[in-house]
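The chains carry the letters A, B and C, assigned in the order they are written, with residues numbered from 1 in each.
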Amino acid sequence: MTAVLDLSSTPSTPFHRLVRVELRKSYDTRAGFWLLAVIALLVLATEVVVLAVTTVQNDAIAFGDFIGAAAFMTSFLLPVLGIMVLTSEWSQRTAMVTFALEPRRPRVIAAKAVVGVVLTLVTVVVSIAIGLVCTVLYDLIEGHADWTFGWSGFFGFLITQTFAMLGGFALAALLLNTPAAIVVFFVYKWVLPGLFAIGAALMGWFETIQPWIDFQSAQNPLYDMSLSGDDWAHLVVSGFIWLVLPLAVGIWRVLRAEVK
Amino acid sequence: MIEVVGLTRKYGSFTAVDDVSFVCQPGRVTGFLGPNGAGKTTTMRVMVGLTPATAGRVTIGGHVYQDIPNPGRHVGVLLDASAQHAGRTGREILEIGARTMGLPDSRIDEMIELVSLTPQEAKRRLRNYSLGMKQRLGIAHALLGDPSVLILDEPANGLDPAGIRWMRGLLRGYAERGGTVLLSSHLLHEVEQIADEMILIGNGRIVAQGDKKTLLAGAAKGIATTFVTALDNPALAAALSAKGITVASAGDGLRVEAEAVEVGRTALEATVVLTDLRSADGGLEDLFLELTADTQRETVV
Amino acid sequence: MSTVTVPTMDISGTAPTPFLRLVRVEARKAYDTRAGFWLLVSTALLCAIVMVIQMAIGVSQDDVFLSYNSFLTSTNFSIAILLPVIGIMLLTSEWSQRTAMVSFSLEPRRPRVIVAKLVVGLVLAVIAVVIALLLATICNALYSVLSDDPTVWNASVAHTAGFLLLQVVGMLTGFAFAALLLNTPAAIVIYMVYSFVLPGLFELGAQLMDWFDKIRPWIDFNYAQGPLVDATMTGKDWAYFATSGFIWLVVPLVIGFSRVLRAEVK
């Protein structure tokens, strides 16, 4: 006689609980904590420098510029966080525990992706708050301030930051290896645009296909939300190549991988 | 051969090792015994220079570890069998050790054979090793340079019963040939069966040291305990109780607070057939638990 | 216990581990894992792919003229991405994989182990340069066959030496960051930021502020390496190179070294 486990009274783990747990895991280690702390410190330091330079030289600067400076700083460390949210499970071998407690792996991956987006939102809010303080300080020092920063700018900022985070996350899913994902991400983010530009300048045929494969330049119109129909098409196609494809392959890999 | 003098290691306000002194002699196996987190590993790490001591010193054969040239040829160390690159094969790990020590490749095969890893297993990457296989590899690595001193932290961890027996024989033979062995464990029975000398540590302090007899004599806490099983347990219990001996049932048999000889005599007098009679040997265990009582995570009754 | 005589160990017959042997072991450790092996292969492949693409563009586009030096210049760029990562992982993998415990047990004189690793890094940089020179020769030869443009073999000792120095410096920079941080992801991120993000920021700062424009050459190591690429180093350039190199190479190396020597190895 085989005893049957009575599962009727145990609800499955709610998704929001997974998200909360994954969120906690992103900052409860020294590595995670310092990564977040460094992002915050770096943004602060940058804003102080920008504020000092503009007030000393009496340069004009707008609210949106302060936020832009913050966005620039966060855009290269935030994706590293996105990468490590996923790869640390493999390098630290915690995936064994994680997938034992929630064997439906796509839910865990999705929870991690949500955490990435949540952290992005937090960073955006913090960046805007810092920008606000800086603009107020600028106003106090210079006697005037330029509060130019519209909703379009806000949404553009939000979307590009989210894309940056998801780009890191997708590469992490594809490679499941921290150093490799970080190297590839930086190459993709900082080296490839230059190469694309050179290629486009040299070859006519490449210039025609470049907008369709260059996800970085496809995001440019997002900053002021001035997307035309063509721009949308470029964004979707290049985004498919750089976000959806690696994510799909990566998730397929995670689902089938033997967890060690 | 190993001399530890007044060794102290502090982490901030926490004292992991507190004024520890002991000596390990050649030709003997010294067991380093204590509950989890008692300071065994920290002491061993200081011995090989991986952790700086706050105070005190350790010498091996009269030398500070850092001053021993090519130390792998003199001191075999196994602190953590998992502290190896997961992407290397077992053989490659030994090969790197052998190259560092300047040993011929034949030594690698000898060691692989000695610890009963098959050539196929040796070709696997460490990430695919079981804990017991890692432990065997670690022992092979420690023995590579044919050292005269062995420092092993929890070497029996993860070994199967046959493996534990094999290791016991290996270390016994090693000591008989004049080697010095220091091995740590949190399992009394494991150490008891192999160690000539025991050092009990709790909360970073040494609570007792000596050979088994000295330790037990020092404990001298009166009544011995015997486990006995008879065909007619109730009859034996009644006979023992009649003599004023405390009896309690334990498992299939009885736990008797008397020497085995007294229990046997009573059985003879009561004409009860015994199927099992042995000294509980709990003396050492009781001693261990008592001495380290402050540091035990579970309260000892 | 104090009355017990402790036998001593005779170590007079044991020679210290020769430094060359340590270097050989460290070299082996650089390629005997899958991660290390593929990192080395990827570096060579990336170098080759960039050159082949460059050649393809040169052959197909009439207005692009390539010389031996053009191939080397692009290689400066492609090697700079992965060679320093090799330098980083030579050191940090000992900590992430916890092999430092074994390495420092077998050779407790830690500076020797670190210097052996450094030597391995330098050897790998030299090998990378040799491979790059070979590939550039092959590509330029192919280019002269496939293209109508005149073949230019403008390799000079100064160019080659500059190229070698650049790769060695790149490797050392990675190694220095690794020694400072002893953590693979952190060191890689810092290197990538230093190498790809910081130059832009320095440029921006120099354009905005005159005083910064003046001190920039002294603190921007990437900028100071510029003249090495086209072998136009002047006395002043060398001064820039030495000063900024001190900040970005020597300081982190020294701090990192002292950290490794004193660290508790876990």
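We take it that contacts are C-beta pairs under 8 Å (C-beta built on N, C-alpha and C of every residue); 3 or more make two chains touch, one makes a residue touch a chain.
Predicted, not measured: the structure shown is a model, and the values here were computed from it.
Overall, the chain located most centrally, as judged by its C-alpha mean against the mean of all protein C-alpha atoms, is C.
The most distant chain from chain C is B, comparing centres defined as mean Cα coordinates.
By number of C-beta pairs in contact, the leading pair of chains is B-C.
Distance between chain centres (mean CA atoms), chain B to chain C: 47 Å. For the pair chain A and chain C, the distance between mean C-alpha positions equals 29 Å.
A straight line joining the Cα centres of chain A and chain B is 51 Å long. Within chain A, contacts with two or more other chains are made by no residue at all. Each of residues 35 in chain C touches at least two other chains. Chain C makes touch with chain B in their complex at residues 1, 4, 6-11, 14-18, 21-22, 24-25, 28-29, 32-35, 93, 97-99, 101-109, 262, 264-266. The touching residues of chain B, when paired with chain C in their complex, are 1-3, 21-23, 25-26, 45, 48-52, 59-63, 65-66, 68-74, 77, 79-80, 82-88, 92, 95-97, 99-102, 141, 148-149, 209.
Taken together, the chain A residues at the contact with chain C in this complex read 31, 53, 57, 59, 76-77, 80, 84, 91, 177-179, 182-183, 186-187, 190-191, 199, 202-203. Put simply, chain C touches chain A in their complex at residues 35, 57, 60-61, 64, 81-82, 85, 88-89, 96, 183-186, 188-189, 192-193, 196-197, 205, 208-209.
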